[in-house]
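Labels for the chains are A, B, C, D and E, by order of writing; each one numbers its residues from 1.
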Amino acid sequence: MQRVGVFVCWCGSNIAGTVDVHAVAEALKNEPGVVFSTDYQYMCSQAGQDMIKAAVKEHNLTGIVVCSCSPRMHEATFRKTAAAAGLNPYMVEIANIREQCSWVHKDILTGTEKAIILGKAAVAKVNLNAPLTPGESPVTKRALVIGGGIAGIQTALDIADAGFEVDIVEKKPTIGGKMAQLDKTFPTLDCAACILTPKMVDVAQNEKIRIFSYSEVTDVKGFVGNFDVTIKKNARFVKEDICTGCGACVEKCPMKKIPNEFNLGMDNRTAIYIPFAQAVPKVATIDPNACNMLKKGKCGICAKVCTAGAIDYTQKDEYIEEKYGAIVVATGFNPISMDKFDEFAYSQSKDVITSLEFERLTNAAGPSAGKLLRPSDGKHPHTIVFVQCVGSRCEACAEKGKEYCSKICCMYTAKHAMLTRDKYPDTEVYVFYIDVRTPGKNFDEFYRRAVEEYGVKYIKGMVGKVTPEGDKLKVQASDLLSNKQLHIDADLVVLAAAIEPDKSARPLATMLTASMDTNDFFTEAHPKLRPVESPTAGVFLSGACQGPKDIPETVSQAGAAASKVIGLLAKDKLTGNPCVASSNELMCNGCSSCANVCPYGAITYADKEFRMPDRTTRIRRVAEVNPAVCQGCGACTVACPSGAMDLKGFANLQIMAEVDAICK
Amino acid sequence: MKVSYFPGCTLKNKAKDLDLYALRSAEALGVTLEEIENWQCCGGVFTTAEDEVATKLSSVRALKYASDRSQPLVTVCSACHNVIKQTNYAMQNNKAFADKVNRYMAEDGGYNGEAEVYHYLEMLRDLVGFDTLKEKVANSLKGKKIAAYYGCLLLRPGKAMGMDDPENPTIMEDFIRALGADAVIWAKRNECCGGYISVESPETAKKNSNAVIRNAKAAGAEMIITACPLCKYNLEKSGADIPVVYITEILAEALGVKEDTNA
Amino acid sequence: MQKITRDVLIDKASALLSDGTVSCVLGWKKGEFDYDVTPAVFTTHDELIKDFVFSDFCGANFSKYLVSKTKNIEGRILVFLKPCDTYSFNQLLTEHRFDREKVYAVGIPCEGMADISKVRAISGEGIASIDTSGDKMLVTTLYDDEPVEIAPCDFLAERCINCKSKKHVAFDELIGEDGDVIDSNRFDEVARLESLTPDERFAFWQNELSRCIRCNACRDACPACTCEKCVFDNPASGIENKSPANEFEEKLFHIIRAYHVAGRCTDCGECSRVCPQNIPLHLLNRKFIKDMNDFYGEYQAGAEVGMRAPLVDYTTEDLEPGEVFDRRDTDA
Amino acid sequence: MQVNEYKPLIVAFCCNWCSYAGADLAGNNRLSYPADVKIIRVPCSCRVNPMFILRAFQRGADGVIICGCHPGDCHYTSGNYYTRRRMAALFSMLDFLGIERERTRLEWVSAAEGAKFAATMNDFVETVTALGENKRLEDLRCKK
Amino acid sequence: MHNTEYLRDEIIRISGANPAKCMRCGKCSATCPAYDEMEYHPHQFVNMVECGDIEPLLNSESLYMCLSCFACIERCPRGVEPAKFVEAVRLTAIRQQGANRLTADNVPPIVDEDTPQQLLVSAFRKYTK
């Protein structure tokens, strides 16, 4: 039996005004377990707390009930008081007689009556409280960043800057991601490469950062602070540590007609290749689907010309196992396929391109060396039509397109249009828009400049059909403001394709037990208050894997994710919330219902040996809750058919005792 | 293989060729088209209005006829195909509509969208197979540049038609290639010729048709093929200077059954 | 009335025993009377010949027995599964309740099983013997010389009249031909009750459940009730309770039991079969099944191994509890 | 005012993160609702076991209301979605047994919705008061 | 006022489509092959039906210019299906007594020897009750 002390707070007149606090203290004296009951003006004051401490000593209290304001206000305070008095802090229960009683009931009789009942419920509960100790687990002081675009790069640099080791896993041969493919960045128009490549070099030179390029994560086990990750390093057939990136092999490779993915297939590369001049690591990679030596065993020229002896045709995929304390997902985005939108004739004409292709077309390192030329005939286009929202903002049930706004298109289209008018004033530029969305610092000003200073023709309406005919693209569109159907003979049509999460995200989310929305964007732990954390402890989100984002937003989220990681890695031990679920293995059926509903993947199963009454042993599958991962929601406790699963601090018997006390 | 066949009004009249060559070609490919007894005209266009029931009953009867025989229902005319498939889709997906229809169908026994509807081209693709078709070709149309004209009725609405990607179709192009010819890809292949507007405003029909023809020719076509008598009429009427031919006619030609050998 | 005979099953069991495929056989054993058949484990051909039966009274669903019978046995156990039993079999596998490797499942066809209380209602008390070999059941009582003839439609159990499936969803081997899932009318009675007023429904259940004697037969026969320790037997659960002390307890037990098996109940009907008070307990389970089908899409527990039951799943667009009633009210 | 006016007994389960905070806000703003409502704090609405609800009715509660975060806003991401299914099933079953459906309710109340909390409780108390005492699920041994 | 609302609801009911789903992108009008012939264009149909501005539509020649080519239905990103509104208004117009657009008397002058049955059948279905 507990020895419970009850402390009724007046809260000045806040409580005492509509609740007879003496009567409450008196009434609760008769409750089972209560050995001491009193009231005081301000329980949370130093004097009030000292009073509690003294009573604990004097009456050998094992449990405390404070009838006061909301536990959301002072539960932590009174727990500290209890701890200072030598009690387990979780032996405290609060009866909320201010917010949920004195403040909402005007009549002193009803207020007092209800306060007594709430006090009784708290006493009933505390009688069943057990001392709880938060679990501790060690922290591996190294972070993993999955994805090496600007989000991953920034996160890794910030974490490394704080002195922790970071590994970046990037599936492409180089880090840099989408930003490396961009020409200029809005709204300042600085060159993407000029601001990105120094960061890539920083990553390469940072002693704390390792890059696993051309690699992917294949397995994740463990939990916050203690992840075991398997990384697959795909064979690139070039010894990374020996290759100097001189490019002699690339020059001599006879297979020169391989579509170059870095330029989105608008020009060609060789079978052995370095994606672009500033690649990090600057190491060649052999495309096994294109190399004659790997396919047919004939050629071997690259090995012959490599003075460093870096070529290794026998290289195999390698699996590396590493431990991490935290994982950051930065898997980024891709433009959606335009296959289902052929009313814009993307598959029919080379001169209908996506905006990312337009970036490459205007990039000095792109297929046309930065000159804006039509892919079909290399001629300078005089009329360009930009189409916004292609595949964005589609009906939820539509089979094509995405329901959400892709967010970045309005601004990059304004940028493309402006830059085109700036470089080629003889070009007519039309932008068809549904809405122009420019909420961002200097964004709307930028868009207005495109219209007012550069003469870009913004037309409210959509393009309905693009018909390639001769060397023209006949664009049929609506101008809603002048209520006209327009027919424009364009030379180039640029589609602002919706963006979607990278396809690698879905299997990764499964490995991480991190949740995703229906669009395969990672869900955040809380949409407003914990936007860079995933609901799975120790897994953080950076960049467009969480939702469409532009570069400034991505970089700030990357920094935020890094600071969360640093905060985690700075701890030697993780102290958990002790109010977690635990399973009574004697009652557990091993049915998996609990694991099915656990949002955190905190429940695993083990085959355990049980001694039976007849002295035989039996092996049974039982649930085990990892207290470091469990967040204490209690979903499992209700899913459990046998009642084996219970929640500490909010146990079945405790809640039922409260119910009983209230209904008595 | 035997299938139920809904020819439609025009095929018995102005578009006899479409019908005749469909029958002969199918026979040559091992498919017997069994004409539905007492079929009634589909009405030419599907009315999207929720409260139009009577105008769709002839389609439902045809559908029920086929489903009672556990046969696929095959159509050739794009319009019949469109009406019947949209009706079937409504029977499958719009319970209120299906209930209303079934009140009229009580005597015949109910119908709930069980039938499978194939356009003749789908029949070639899914039941015969373009590979089989390719093998049966006697007179290859090699070197001929043919523009497939889908028009509006064959593919749309994509959900109900379920025939091919409504914006980026390949079925007719694959058909052309199976016959040995070259398929011209062009943008206006799924745009409307003007349809029944030629009653109300022949100029509009002409304008639309001209745009279609111009685009086909610009893409290098020497011939336009269609499954729709009204498309053929509108294109020809607008002064097409390029042959507009029924799909079944070039099929019969390629299979070598164009001239009736039994006659 | 069954299409396959005892001999066929004994031959199959004996063959599997002798070639070492299985070490024992879970089968029906004849009891004192022709209708009180009990489940039993057989290990030899002789035992089978002596006591194994197969008749219209072999309704017992063996799946549940596998939970205990597969523990501590050498080799595999042969189990005969009727179509409806195979759903329970899969559901138990989904819940990892026994080791599939330990079981050799032989699917057998079922023509529907008899309800002895229906038989008795026609024949009268004092049943001496029952012959189920023909199309009709021949019941001889102590008081009549001539056997009473009963047609299947008069003796079939409710769950068999409304059979949901003749298809075996799990087996290693099948005797006879497999059937199909049946579009049954099993939810009609639930729908009828739903259409009553709350007062009428309350009266109905008050009448039914007040007969409960808390014998726990429903729980003990239920293939979904395989908890290591039942909450009703467990003082730590806070709801331990062993007798129907009053109206509340009668209801509480059955509501909680139905809720515990909700989403996991395959609608095998064992609860109602074994109830000595003939309480239509299956209606509670069917109510949950019907609701979940209506709210969240068709779901048949045990149709496949590894399915996720509706109550441990969700979509962001699910109905609100209030909408559930609105919807039913507008349907009605 | 009548002395022996019928006062229902209402048990409200509130999730710690949204609805309990919403109730606190109602208090902060002095938005009154009947004292018949007694709140039990749970970490998440998905902690509410149907057993607790039956227990409350057994012990004489006249109405039980469960409040949680709005769908999509659950502190634990998905807890309230499970609650929604569980309560839909349970409430429908209680209704099936003839227990008045108005005695059970599930409401979404955010931490910012103090006014909604008070309004919901006022409405619920009014509804239950109109129904009168819970007789169909009460355990007479627990009678006051 | 009452009549306007009734008409609006009736049109929406007949159409089976929901004008509120429209996000005003204008793709229906951009893709419409009969745009130039119409006084009110597909996007206006959606908007005017939503606003209950049915009277002008009922009296407009635009009703008879829609080709039922389903391009707007197919290409609408929001699944609004504008042609269904055109159809609903057209039916409302021609279902009125004596409002048939096309009668048998009109036929002879428009028929030539190649005119397919399909043309007349379709036209009758669209223009006549």
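The rule is short, and it goes like this: a residue touches a chain if its C-beta (ideal position, glycine included) is under 8 Å from a C-beta of that chain, and two chains touch if they have at least 3 such contacts.
This structure is a prediction, so every number in the text was calculated from the model and none was measured.
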| item | value |
| --- | --- |
| Chains touching both chain C and chain D, listed by label | A |
| Identifier of the chain whose CA centre is least distant from the whole-structure CA centre | A |
| Identity of the chain that, by mean CA position, is farthest from chain B | D |
| Relative to chain E, chain with the most remote C-alpha centre | C |
| Distance between chain centroids, defined by C-alpha means - chain D, chain E (Å) | 52 |
| Cα-centroid distance, chain B relative to chain D, in whole angstrom | 61 |
| Centre-to-centre distance between chain C and chain A (centres being mean Cα positions), rounded to whole Å | 47 |
| Sites on chain E at which at least two other chains make contact | 71 |
| Contacts with 2+ other chains: residues of chain C | 238, 311-313, 316 |
| Shared interface positions of chain D, touching two or more other chains | 50-51, 55, 72, 78, 82, 86 |
| Which chain pairs touch, all of them | A-B, A-C, A-D, A-E, B-E, C-D |
| Residues of chain C that touch chain A when the two form their complex | 71-72, 94-97, 226-231, 234, 236-238, 260-261, 264, 308-309, 311-313, 316 |
| Of all residues in chain A, those that touch chain E in their complex | 343, 389, 393-395, 397-398, 401, 434, 460-465, 476-480, 483, 485 |
| Complex contacts: residues of chain A adjacent to chain C | 518, 584, 586-593, 596-597, 605, 616, 618, 620-621, 639, 641-644, 652-653, 656 |
| Of chain B, residues touching chain A in the complex | 159, 165, 167-168, 185-188, 191, 214-215, 218-219 |
| Residues of chain D defined as touching chain A within the complex | 9, 11, 16, 20-21, 23-28, 30-33, 35, 38-44, 46-52, 55-56, 59-61, 72-73, 75-79, 82, 86, 118, 142, 144 |
